Each structure stands twice: as C-alpha cells, then as structure tokens.
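One structure is given below, represented as structure tokens, and several questions about it will come after.
Labels run A, B, C and D following the written order; every chain starts at residue 1.
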Amino acid sequence: MTAKEQTIIEIPVTDLLERTRKLHGDGYRLVQIGCTGLAESYEINYSFDKEYRFQNLRITVAPGEEVPSISGIYWGAFVYENEMHDLFGIPVTGMNIDFQGAMIRTGEKHPFSVTRKGEGPCRNA
Amino acid sequence: MGFCTMAKIVIRNLVHGPATRRYPAVPQRACPITRGHVTLDPAQCISCGLCMRRCPAQAIQVDKAEKVWEIDRFRCIACDACVEACPVKCLTMETTYIAPVTEQTVERHAITYVKPEKKKKPETGQAEG
Amino acid sequence: MPERIVVPFGPQHPVLPEPIHLDLVLEDETVVDVVPSIGYIHRGLEKLVTKREYPEFVHVAERICGICSFMHGMAYVQGIEAIMDVEVPDRARYLRTIWAECSRLHSHLLWLGLFADAMGFENLFMRSWQLRESVLDVLEDTTGGRVIQGTCKVGGVRRDIKGEKLSDIQKTLPEFEQQCRDLTDVFLNDESVKYRLGGLGVIGKSEAYDLGAAGPTLRGSGVDWDARCLGYAAYADLDFKPVSHPAGDCYARCAVRLGELFTSIDLINQAVEKMPEGPIDVKVTGAPDGEYFCRVEQPRGEVVHYLKGDGTKHLTRARVRTPTLANIPPLVKMLPGCQLADVPVIVLSIDPCISCTER
Amino acid sequence: MNGILGALLFIILAPFLGGLIAGADRILTARMQGRVGPPLLQPFYDVGKLFEKENVVVTTAQNFYILAYLAFIIVSGALFFAGGDLLLIIFAFTLAHVFLVLGAYAVHSPYSHIGAERELIQIMAYEPMIILSAVGLYLVSGSFYVGDIIASTVPAILYLPGVFLGFLTILTIKLRKSPFDISTSHHAHQEIVKGITTEFSGATLGQVEIAHWYENVFLLGFVYLFFAFNPILGVVAVIVTYVAEIFIDNTTARLRWQAALQSGWGVAAILGLFNLAVVVYIIGGV
C-alpha cells in the first residue's frame, strides 16, 4: 500500500523557511504542524502532502528558542503556529495573524510547556 | 424551478404521521447487543481485578481484600471492555440504560463468590483496619 | 463611515452546535473582521496516552469526537498497526469500511440538518435527522452503540456482522438512497436554499489548496483530494471517486457532502458484496516501537493521528490534527464581507467540530 | 353600540382564540415535520409560566414600551372589531410596533439592537402593502370603515386578487414565519438569537406573546374582509390562509432582510398597484 510511505527529514531550524519554500514551490500542501514536548525540548513536525506523497520536516527546539513563522509561505499556517505559541509557549516570529496568545483560551499560560512546574492537580482523578 | 421542493416531504409527513417515539411512555429502541449498562453477578466474581485494569474510564474498583466490586456509573462509558476482559463471564452488558440521577454515587456490590475447596478466603481480616 | 459594533458570537450560541468563539466586527450588518478563539473544551485526551495501555487507548481515541468517533478509533488503530506491522484480516478491513461509511452517512446527515437549521429551514433539519436515525439504527444493530461504536481494536474488529444482517442492510439501501435523493433535491434545487447558499463564502481552487483546507471544504473548491484514496481499510479494493464541486461556495460544499452520501451508500453496497470470509482479528503481542502519521478521511476531512511508542505498553506521544483546525484558515478568509445573517451558514459550511479540535 | 360590543368581544376573546391558533399552529407544524408536537393548550402554559417568573429587567423603560406595545395592539384590534376607520387602525398598529422597537433599543444588547433594526426594515417592507390593501378595500366598498366594508355585498376578492396575494406575502412577515422571520422567530435558533425579543424575559415576554395573539386575530380579521360578502367563505378562507402560511413556513429557508424588503415592496408595486390600477382605470370602480 502506498499509504505507508512517509518520510521524516530532520532539519535545523535555520533551514526551515528555505525547505518549506521549496516544498511550496513543488506544489505541496500544508497538512499540519504538530508540536509535541520531549523531555527538555520541543519537537515540531511540519507535514506536507502532494498527490498522496507525505513529507515531514522535523525541527527540535529548546524552550525559549525562536521559530520563524512559515505563514508567509502558507497563509493558513497561523492556526498551528498560534497553537504552538498558546499551548507550548514557543515564540514564533513573523506570524501573519498573531493572536498574542488569545486564540486558544487557557486557564493558565502555556499549559503544555515542558518547563512548567509540577503536574498540576487533575480534578477528576 | 424549485419552489416548495419540500412539499413532497411535508405531505408525506402529514400522511404517515409522526416518526418520533413518545419516550418515555414508549420504551427506547433496543437491539440484543445494545450497550446499556454493566451488571455484575456477585456469586461468580473471583475478584481478579481484570475489569478494573481494562476499564479505560477507571469506573470500576475491585477491592480484593474486602470483596467489594464498585462501579461509578458517571464514569462508566459502557464500552464493553470489562465484559470482554472478564475471565469467568460474571459481567453482563444489559440493553437498558440506567435511569437518570442527579447525584454521583458509587454503586457497591459485595462479592459472594466462595472459592471451592483449596485455599481459604485470602486475608479478609487484614484489610478491615 | 458607519458605526462599528462588535457582536460576540459563541462560545454558547443557539446556532452553533459547539463552542467556538467569534468576535464579529460589524458595519451595519456587514462583517468586516472576525477573530476566532477556541479552547473551551480541552479534555487532555492526548496526554492520556501515557496513562492508558495502547490497546485501551482506542476507547479514548473514539471519544475525541462524538460524531466521527469510529474514524478516530480507526485512525488510531491503523497507526498502531502500521508501527507494529500487524496485518489485519480482510474481513476486518471490510467491516471497518462499512462502519466508517455508516459513520460518514450519519455525520453528513447530521451536518445537513444543522446546516438547514442555520439557514432557518427547520423542517429540512427535522427531515435530515430523521434519515440519520435509520443509519444510527443500523449502527446500533451491528455494534451495540449508536454514535460511539467501540468496535475497532488493534489487530482487527471486536464484532462481526453476520451474513444475514449484512444482506438485511443491503436490502434497506435502495429505499434509503431514494429518501436521500428527495433530500438532495431540496438542498440543491429549492430556490430559497439556493438564495441562501449561492456565491457565499467563496474560496477558489488554488486558494483552498494553499490554505491547507481539508475534506469537503477542499473538495467544494474543486480539488478532488480524498484521503480514502490512500487505500487504507478496504478502500483500495473498492471502486469510488472523490466527489468535488468547482464553485467553492457554501452551495458547493453542501453539494459535495450530498454527493458523498451516495458514494458512501455505494461503498457499503460494494463492501457487502465483496465481503470476504475469515477471522475478524489477529492476536497482537508486544508493544509499538516507532512512529507513524496515520491519515484517515473523516466526514469533516483528513485527520492526522501522530503516534509514537518506545516499546512499552504506553505510547509516549499522540497528537491529533483534526480537520476542523485545518479548516479555520479558510473560515477566516470566508467571513469578512458577508452579511451577519450568513455567518452561521458560512461557519457551518466547514462543519466545525470543536471538541475534536481541542481533544 | 354594535361597535363597542365587537371591541369588547375582541379584547376578551382574542387572547383565547389567538392562543388556540398558536397551539394548533404548533401541532400542525410538528406534523409537517414528522413530530407529534405539544398539547393544544401549550401556548397558555408557556405564557402562564412566563408570568410566574421573577421580573429581571436591566432597563425599566422596556417594561413601559412593551406595555404600550400591547396596549396599542389591543387598541388597533379593538378599533377594527368595532368597525372603525381602517387607516386609523393601520396607524395605531404601526405605532404599536414602533413601541416594540423602542423597547428593543432600550436595552444594551447587540442582538436586540440588530433585531430592532430588522424590525424597522420589516415595518417599512410591509407598510406600503397594508395601506394598498386598505385603499383597495375602499375602492371596492366605497368606505374606509370596517363596518361598511363588512356590510358591503361586493365580492372584494374578485376585484382584488393581486392585493390579496400581496397581503398574504406580508402576512408571512407579520406572523413571523419563514422565509421572513428575520427580526425574531418563534424559536431562538438564529444568528441574532431571538432578535428583537432577546432581552425580554418573564412577564414582559409574556406580554409580547399576548400581543402577538391579539395581532394574529386582528390580521386574520383583515383577511376576512376580502371575503366579507360571504361569512362562511370568509371563515374558510381565513383557515386556508393560515394553513398556507404554515405550509410556506415549512417549505422555505429564512431569507435575508434585503429579500424581505424587496418582496414587500415588490408585491406592493407589482401586485398591489397593478391590481388597483386595473380596478380604477379599466373596471372603473365598483
């Protein structure tokens, strides 16, 4: 099945814009930007698709490290980037629509941040 | 041209009468495998605790020592996982839903199963304190 | 310049099925700006992956959404199966396809109802939901659950549909299809509906592609991209074509979903005909070690489940990108310039599912 | 003497009749949608409950405006059933709605304000047609007085089919039914929640409901005028008209305010004026 083919390319943050621009030029569609926290850093996957070929660019950033916005290339990237900022506290620079932390309403700032102290009480447990 | 294209459906509805069921006067629709709520047969339960471990909602608590099987109906998602996991088939998925309640309570069932022969009931006295 | 007023729209609003908040800046009744915000119903389901063993997490995954529930479960188990290289029996793949298409039917009919309600057509709303009820009955008869099926598991499915029941389902399809045709006639040909939908919230083909739109929002702009073409479950063996419509407006998105009703009916029919005999599951041992992006076409569009395991019973990471999130940029592009009366119609046209989006 | 009796009967009986009509409307609507629907007396239960509610008001002025709305609806209806001057009745009726709009403007809610703006547009939309209907009835019967129109034996409907159709169109606006339930509808499922009545609650909302019952009886009375030459035909026509309105309500989507304005003025210009021109210039009056 072709469905299983997917590539993940690890790249440094500095290459992000250039490679994204190249993918955009090749006619790739932005599928998602997914951020997940590792132990001490964040892993961000930029997923693209063209005619069912699935490509991922992966960057790893330390807390507080700035990530350039790709919203200049893919206009719709702002939802994912605001999410990265609102939930994980990753500073994303140069977003086309910057909600300043107001897109996702959270009880506390950056709830998914890896530097956040403690686990926080879970009310239902 | 489409004016009153809905007319056909309106007339059909008028002729055929209401499609709704006058619940609760008329009971709900159910089929043999409808997942309503879980019940326990306390005479068969061996307090193995598999249901507790398999429960994705952590609704079931089994106290091996006190021989108590508890279920929090508010947490239970009627997924059938416990019924599948149970090695002695003492759990049943009933097809009816539980009646609505306003307070969250934990349902407690005393397990009456007695192990035939062999080892005695394991350390019942210990956990009482 | 006319006075500007800000109308809060949501999170609790009668025409919105789920809590999304929009601040609408109006000049008279024309929307000039819109600021969306979400975050009202975050439930931390992704975090739960570290607390539940991977075979049990499927129940959690199914509860990401109450409508595309089955497909969330399916996306999750397919991801795990891909990581663990599990070969799922053919019958299970076909059964999954049938349930997935039933889910799509009931989701689309639900959406059609809500959409009709958004444009003030209560009777059409009732009719759509009446048809949805017959799909729910089939789901209940075959899985035990009306909206939460809970039949997917890693390695196959938990329930079989007996041959008798399969042919019963097939027998009801022609009548159901006819009822759907009557419904389609109203949605596509009624003048008052056309007046409300035509030329509204237009997104062009290349724009939709560039914005990363998903599902019917993408196909409603003429891009015939459908994740089912990836060939997961039994889709590779079945014959179908993605439904698309070139207009890019609300009418087109509605037409795409109506078209997909018939695709789904046809797929169920094909799946029943070709249903192979055999086991419905395989025993899965071990634990997932690796990562995978699983993509499944939900009623709302393509969902991406990113799963990563480290060889223990608990996955280390799960992330779900739901179609609604991908469709927010098109929504932000569509709204400015429309009338206040059209806001619900446009918002509904992307079929927002906010609880999916927030997990 | 007869007039005062008519007015009194209207004031006392109209709420009962209006409530029953509303109840029958809800059942019929439900049946058209494949539902069972509420009991016939449900509207009375609803209003009764509204009057039991605690009075929560942000701006006390709205209570006055709504009371004035109710009062003027009653006055216009009473004048109508007393056989009064149709023009005076129409202006009293309009004034009543101006009070409703003022009441909606008195509160500070964007939904209510937008509802009020839309209500004003609706008033503008239906006003020309209502006046043309009065003029048409005058041309046929030779009097603006309701008493004289009823006494007239001329079959008004035969001379005024266009005017009657035009009146039916704006009746949809007045009964707050799809496709023209744009300022408020019978349920709160629209973009402006419940529009003009969003901010009214309890007894105030109850008064709005009662006013709506009075209004419906008055409007159906207006329909009767077209068939006044034959009372049995008149009653049948009123029932058929109302059922047709429910039918239209159930087979159309809600339109935008622009369409309401265009339809209101469109029917006034095309059906109304053309019909009147035919009556005046071709038939040469009655």
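Keep this in mind: a residue touches a chain if its C-beta (ideal position, glycine included) is under 8 Å from a C-beta of that chain, and two chains touch if they have at least 3 such contacts.
Protein identities per chain, from UniProt: A = NADH-quinone oxidoreductase subunit C; B = 4Fe-4S dicluster domain-containing protein; C = NADH-quinone oxidoreductase subunit D; D = NADH-quinone oxidoreductase subunit H.
This one's a predicted model, so the numbers in the text were calculated from it and none came from an experiment.
Novice: Let me check something: if the centre of a chain is the mean of its CA atoms, which chain is farthest from subunit A?
Specialist: D
Novice: Check A-C against B-D and say which one is joined by more contacting C-beta pairs.
Specialist: A-C
Novice: As a quick test, compute the distance in whole Å between the mean CA positions of subunit A and subunit C.
Specialist: 23
Novice: How many Å are there between the centre of subunit A and the centre of subunit D, using C-alpha atoms for each centre?
Specialist: 57
Novice: Taking the mean of the C-alpha atoms as each chain's centre, how many Å separate subunit B from subunit D?
Specialist: 53
Novice: Please report how many Å separate the Cα centroid of subunit C from that of subunit D, as a whole number.
Specialist: Distance between chain centres: 43 Å.
Novice: At which residue positions does subunit B touch at least two other chains?
Specialist: 4-6, 10, 13, 19, in rising order.
Novice: In subunit D, what residues contact two or more other chains?
Specialist: 32-35, 250-252
Novice: Would you please write down the residue numbers of subunit C that are in contact with two or more other chains?
Specialist: Counting only residues that touch two or more other chains, subunit C contributes 121, 123-124, 127, 130, 190, 193.
Novice: What are the touching chain pairs in this one?
Specialist: A-C, B-C, B-D, C-D
Novice: For subunit B, which residues are in contact with subunit D within the complex?
Specialist: 4-7, 10, 13-14, 16-20, 22
Novice: Considering only the defined contacts, which subunit D positions touch subunit B in the complex?
Specialist: So the residues of subunit D touching subunit B come out as 30-37, 247-248, 250-252.
Novice: For subunit C, which residues count as touching subunit B in their complex?
Specialist: So the residues of subunit C touching subunit B come out as 52, 56-57, 59-60, 63, 121, 123-124, 127, 130, 133, 137, 140-141, 143-145, 148, 150, 158-159, 182-183, 185-186, 189-191, 193-194.
Novice: For the complex, which residues does subunit B have touching subunit C?
Specialist: Result: residues 1-6, 8-10, 13, 19, 29, 31, 33-35, 54, 56-57, 77-81, 84, 93 of subunit B touch subunit C.
Novice: Quick one: in the complex, what on subunit A touches subunit C?
Specialist: Listed in rising order, the residues are 1-4, 6, 8, 29-32, 34-36, 45, 47, 52, 54, 56, 74-80, 83, 86, 97, 99, 102-106.
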